[in-house]
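In the two complexes below, subunit A is the common chain; its partner is subunit B in one and subunit C in the other.
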Partner chain A sequence: MAQISLDEIAHSYLPYPKNDADYALKRIHNIWNDGGAYALLGPSGCGKTTLLNIISGLLKPSKGRVRFGETDVTDLPPEKRNIAQVFQFPVLYDTMTVFNNLAFPLKNRGFDNAYIKTRVKEIARILELETVLHKKAEGLGADAKQKISLGRGLVREDVAAILFDEPLTVIDPQLKWQLRCKLKEIHEQLKLTLIYVTHDQVEALTFADQIIVMYEGKIVQIGTPQELFEYPNHKFVGYFIGSPGMNFLPCTMENGRARVGKFHIPLDDRTAALGNRATGSLEMGIRPLYLKIHGQETAGSFQVPVQSVEDQGSYRVVALSFNDQTIRARIAENEPVPGSMAWVSFPEKWIRLFENDQLLK
Partner chain B sequence: MKKWQDNKGWLFILPVFIIVAFSAIIPLMTVVNYSIQDIFGPGQRIFVGTEWFKETLTDPRLHEALWRQLLFSGLVLLIEMPLGIAIALTMPTKKGLGSSVCLVLIALPLLIPWNVIGTIWIIFTRPDIGLMGAFINNMGITFDHTASGLHAWITLMLMEVWHWTPLVILLAYAGLRSIPEAYYQAARIDGASAWAIFKYIQLPKMRGVLTIALLLRFMDSFLIYAEPFVLTGGGPGNATTFLSIYLVKIAVGQFDLGPAGAFSLIYFLIVLLFCYLFYQVLLNVGKGESS
Partner chain C sequence: MGLILDQVNKYVEGEMHLADISLDLASGSRNVILGRTLAGKTSLLRIMAGLDRPSTGKIVMDGKDVTGISVRKRQVAMVYQQFINYPSFSVFQNIASPLQISGVPKATITEKVMETANLLHLEEMLDRMPAELSGGQQQRVAIARALMKDSQLLLLDEPLVNLDYKLREELLEELTAIFKKRDCVVVYTTTEPSEALKLGGNIVVMDQGRVRQTGPTAQVYRNPATVETAQLLSDPPINLFAARLKDGHLTLGDDLAIAVTGSIAALSSGRYHIGIRPNHLYLHQQESGDIKIHATVEISEINGSETFIHFQYSGYKTVLHEVGIDARKIGSDITVYMNPANFFVFAENGELLISPGAADTAENQTA
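Presenting the complex of A and B:
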């Protein structure tokens, strides 16, 4: 077990990358702690899987070094690194039984049969696969198959980290939840480092203590779910986390207030000071959850037309036209929705300012 | 009215019935008809029952031809299947010019008409002017497929392997390409050797296409006619007189339509039986394994 350090990693799939755009991973410099549960979150094509494959050794980075603890593993093949990987689709050796599937990594490493037997039984117990141990792996359900893939990783005692590449994609929704719980349980039991790639924010938020948000080959933010929600480092994090995403309005600073067209929105002193210092293009952002909607005029609210109301089950999303831009507010199911006009106010506490897409702080 | 409406569905499968009837059932029934009669000429025929079947089944020359045929098909499968898989495994895996050129080159023998294949190899192995034949003879080894049965067999096997291994290669290659990359990645992480990857991933995943390859190659080689006919006409002696060559000798050479009909039916049943057995075995292979 060891911490994983990524030292100035960059990767391009082209043999001779010329500029930044040729790189799938731009510059990753990071240390991941031993025993942590990390989620790599980002849209398709942002480099999550590339980064995962670099850690597991399936890819050798164009630049930079990967270290597990003190050991430089950059040039080591996957079987020499102490990692296991679970793929998007269950990967099984169809012709083998579940037992032989689980025993395969140990057999390949030349362990003796008695040890293999006890170890496989132990893992099967943790994963609740005991009843199907002597069945063919081929005929099992997708969730059992994914458990076997996971088991092939867990069965090796030297495994320092398990990497997951969107492992729940093919699992039915109700089983997803069960498997996710199982993963958390295993994490707590075995204290392994888990790195989990996903583009599903719910999965990432429930699974991980630390979320690594990636965008266009870069890590834009690492933080707890709460940090990502309240202080998104980059506009992209604001969009990507939360449902619906953060509202952004281009603005200018005027007398300590943010001016959006004809509206002057008050800011708290700290935010105003940050805004006054900024020189680049400014935008203010606020989560839909924190926008306040009123049926009649209240202090510090602005009258705007209502565009639409969407019922999302446990909450509703109200779209408002604010200075000819659409902003969204999330309101509770039982809150009254105003008719064609509404008054909206921006609580100072939740307004964030972004300069050139970066959070001012 | 109602009943007529209910039966309309039959109209949709009627074309298939008609086509199958004309292409398979009616010709087959005429053979059955011949096989139970002795035919002297148009309008002169006697019903003989199972006479021809009894005669055919006890014909020693047919037995010889059958064993020859089984040996030939067995050798063909033993050489072509592993060779085809081995070549498919060494082919470039990435899409690009390399794999395209490989595929075209490998498919070339499949595009050549069967009688041309025979002629090519007759010329190629001729001891006086053939590139291969003259080369071997100049090294001091006598090689002449018209004089030696063994040499005729070697030439035939070369011809057959050269002509049809590409089919196995193409099918195996298609099977290999359909294996998702994740399997290889998982195997690397599991520390599997190249042999283990072949045994536990590649071979099981290729099972479907290999079954088809095996059936096609078995049927084709079991029905082989053109190559030995063009090469030596079944000789030297009877060395390459396979079932179909012997059958044509009876049917066309001696014009014994009755025995030829019985022979054809038996031949057909043998092929059917073997295909069924292969199919059943391959369908169940790997399913019975347990720790």
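Presenting the complex of A and C:
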């Protein structure tokens, strides 16, 4: 295991990149700690797979150096980098038994049989594959095969990192919960450095200690799930994390309040001071979870039309028309549902201001 | 008017793929087929489309028996998991293609393409080729093409499965609005309960080639007919415990004795399964009648706005889902609160006997 340093990395798929737009990765300069669980999260085309391939050695970056601990690995191919990889689809030998599939990466590196046996059994126990250890892989279901794939990635203790590229995409929702928990357990027990690429915010947030949110070839924020949710650095993070995403309303400052059309929304002193200092275009952001909906007028609430109410099982999403824009509130299953008009209030604690898409802080 | 399937069976090389399927889907209705991979969703959709013939049974479209009639002679539009477009046609030509075959005037075609492209936010890309588009945009083109014809039946087979999470969320919202305006029968398959709930309308729950339950989605969510349906409609999975009832006392798991009243107490003594959804387990007391249990945290997950805590209770894997962030360390002791008012009670054979808030659901229906 090792610390991974990404030193001024940039990458273009073009032979002679001219400007910023030609780069799939713009500038990545980061250090990832030994034993951490990281997720690379972003929409397709954001550069997350490019970055993963640079770490694994499938791609050599146009600029910058990659180091595992003290060793510069920039020019090394994947097989010399001491990493394990798990892909979206199972990679295994169908005609081999589950045991031999799991043992393969170890046999290849000449570990002795006694060690291989202990280690394979341990991994099989964690992944609940003990009962099928001596069956051939080909007869097993898609989920069992993907578990074997995970096991092959996890079996070596001597790797610098394990890289996962959307490993749960083909798995049914109920099983995803189990496998995700398994990965978390494994991380707790084995303390390996794990890097997990996904477009699925739930997978990223539940799996990782640190989430690296990428957008248009850049890292827009690195943080814990709570940080990303409560203090999104950039409007993109506010939109991308959370379901539904953050509500944004263009606003101006007036007497320490955020003015949205005819509505004057109270702010706390700190937020108001940030807003007063801003010179660029200003927007107010608030999470659907924190908007409060009332059946009658309460202090500081505004009366607005209800556009729709969607029952999503354990919660409901209420769409409201606020100054001719749609904002959404997420309310609990047992909360009363308003009629055609509702009163909405914005708890000061949860209002964020953004200037030119960047969080004011 | 609509689509009727009457006792449809499908066998392939002696193996049962679909068994005894009878459905009545009205024109203008949204129908979501929910089931795990290999539950028979795609097989059923192909039979509805006329791409495959059922081994036995009848298919009636708008009052006409269409069982043996091929897809070409039916008014059906279909969207697949993979993005299928004509690679050498522009986006405009792709969307226009269903009308060009039937000799519609050019002006009408252009008008219709523009209207449909607007609906799916493709108006800026009409001159591009499919290969120049992102996956999400390509799938929008495929959906736009499916919407061009006034088909009686619009079938979508996990259309969003290959798209990014956030795109899926947006497209799903747009599709729900589009479906609401169509007069045709819409059938949409998915493995994800959240997708089914977001689309609303009616649900057809499938498992192992059979239809397990049908009805308005929210109603089926609150009244799953069996343990299996409850599991299929819960993400995170519903918690299930074996229980014994004797003289008005319910024993959950090994030794949790609960004094129950009302409909649960009125059940005869015996063995039952108790289901409780993760969002009805709490870290803090909600009501005076709450029961508490003690547990040790195995895994705690935070997805930003919500906390999921996994623990074992009496040997059962259990998950608690709380809104907001309440991080608990692995191995720490927690007290979990629950209320019998939120219990689903299933018979030993898995059939639903009591669902929580059954009275509320009845009210909602009449409202």
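In this text, the second predicted complex is superposed on the first by the 311 of 361 C-alpha atoms of A that agree within 3 Å, B and C clash if a C-alpha of one lies under 4 Å from a C-alpha of the other, contacts with A are read in each partner's own complex, and residues count from 1 in each chain.
The rule is short, and it goes like this: contacts are C-beta pairs under 8 Å (C-beta built on N, C-alpha and C of every residue); 3 or more make two chains touch, one makes a residue touch a chain.
Given the structure is predicted, the values throughout are model-derived calculations rather than measurements.
Of the two partner chains placed by the overlay, only subunit C lies in contact with A:E310; subunit B stays clear of it. When both complexes are overlaid on chain A, the residue A:P105 reaches subunit B alone and has no touch with subunit C. In the superposition on chain A, A:P17 makes contact with neither subunit B nor subunit C. In the superposition on chain A, A:Q226 makes contact with subunit C only, not with subunit B. Applying the stated contact rule after C-alpha superposition, one finds that A:H134 touches subunit B and leaves subunit C untouched.
Of the two partners subunit B and subunit C, it is C that touches the larger number of subunit A residues.
Of the two partner chains placed around the shared chain by superposition, subunit B is the only one that A:Y93 touches, whereas subunit C remains out of contact.
When both complexes are overlaid on chain A, the residue A:I83 reaches subunit B alone and has no touch with subunit C. Chain contact summary for the complex, subunit C toward subunit A: residues 36-37, 134-136, 164-167, 169, 191-194, 197-198, 200, 218, 221, 231, 233, 235-237, 277-279, 298-299, 301-305, 308, 310, 319, 321, 323-325, 327, 330.
Partner subunit C is touched in their complex by these residues of subunit A: 43-45, 142, 172-174, 177, 180-181, 184-185, 188, 199-202, 205-206, 225-226, 228-229, 239-245, 287, 289, 310-315, 332-333. Across the complex, subunit B meets subunit A through its residues 180, 182-183, 185-186, 188-193, 196, 200-201, 204-205, 286-287, 289-291.
On the side of subunit A, the complex with subunit B involves touching residues 53, 56, 58, 77-79, 83-85, 87-89, 91, 93-97, 99-100, 104-105, 108-109, 134, 136, 149, 152-153.
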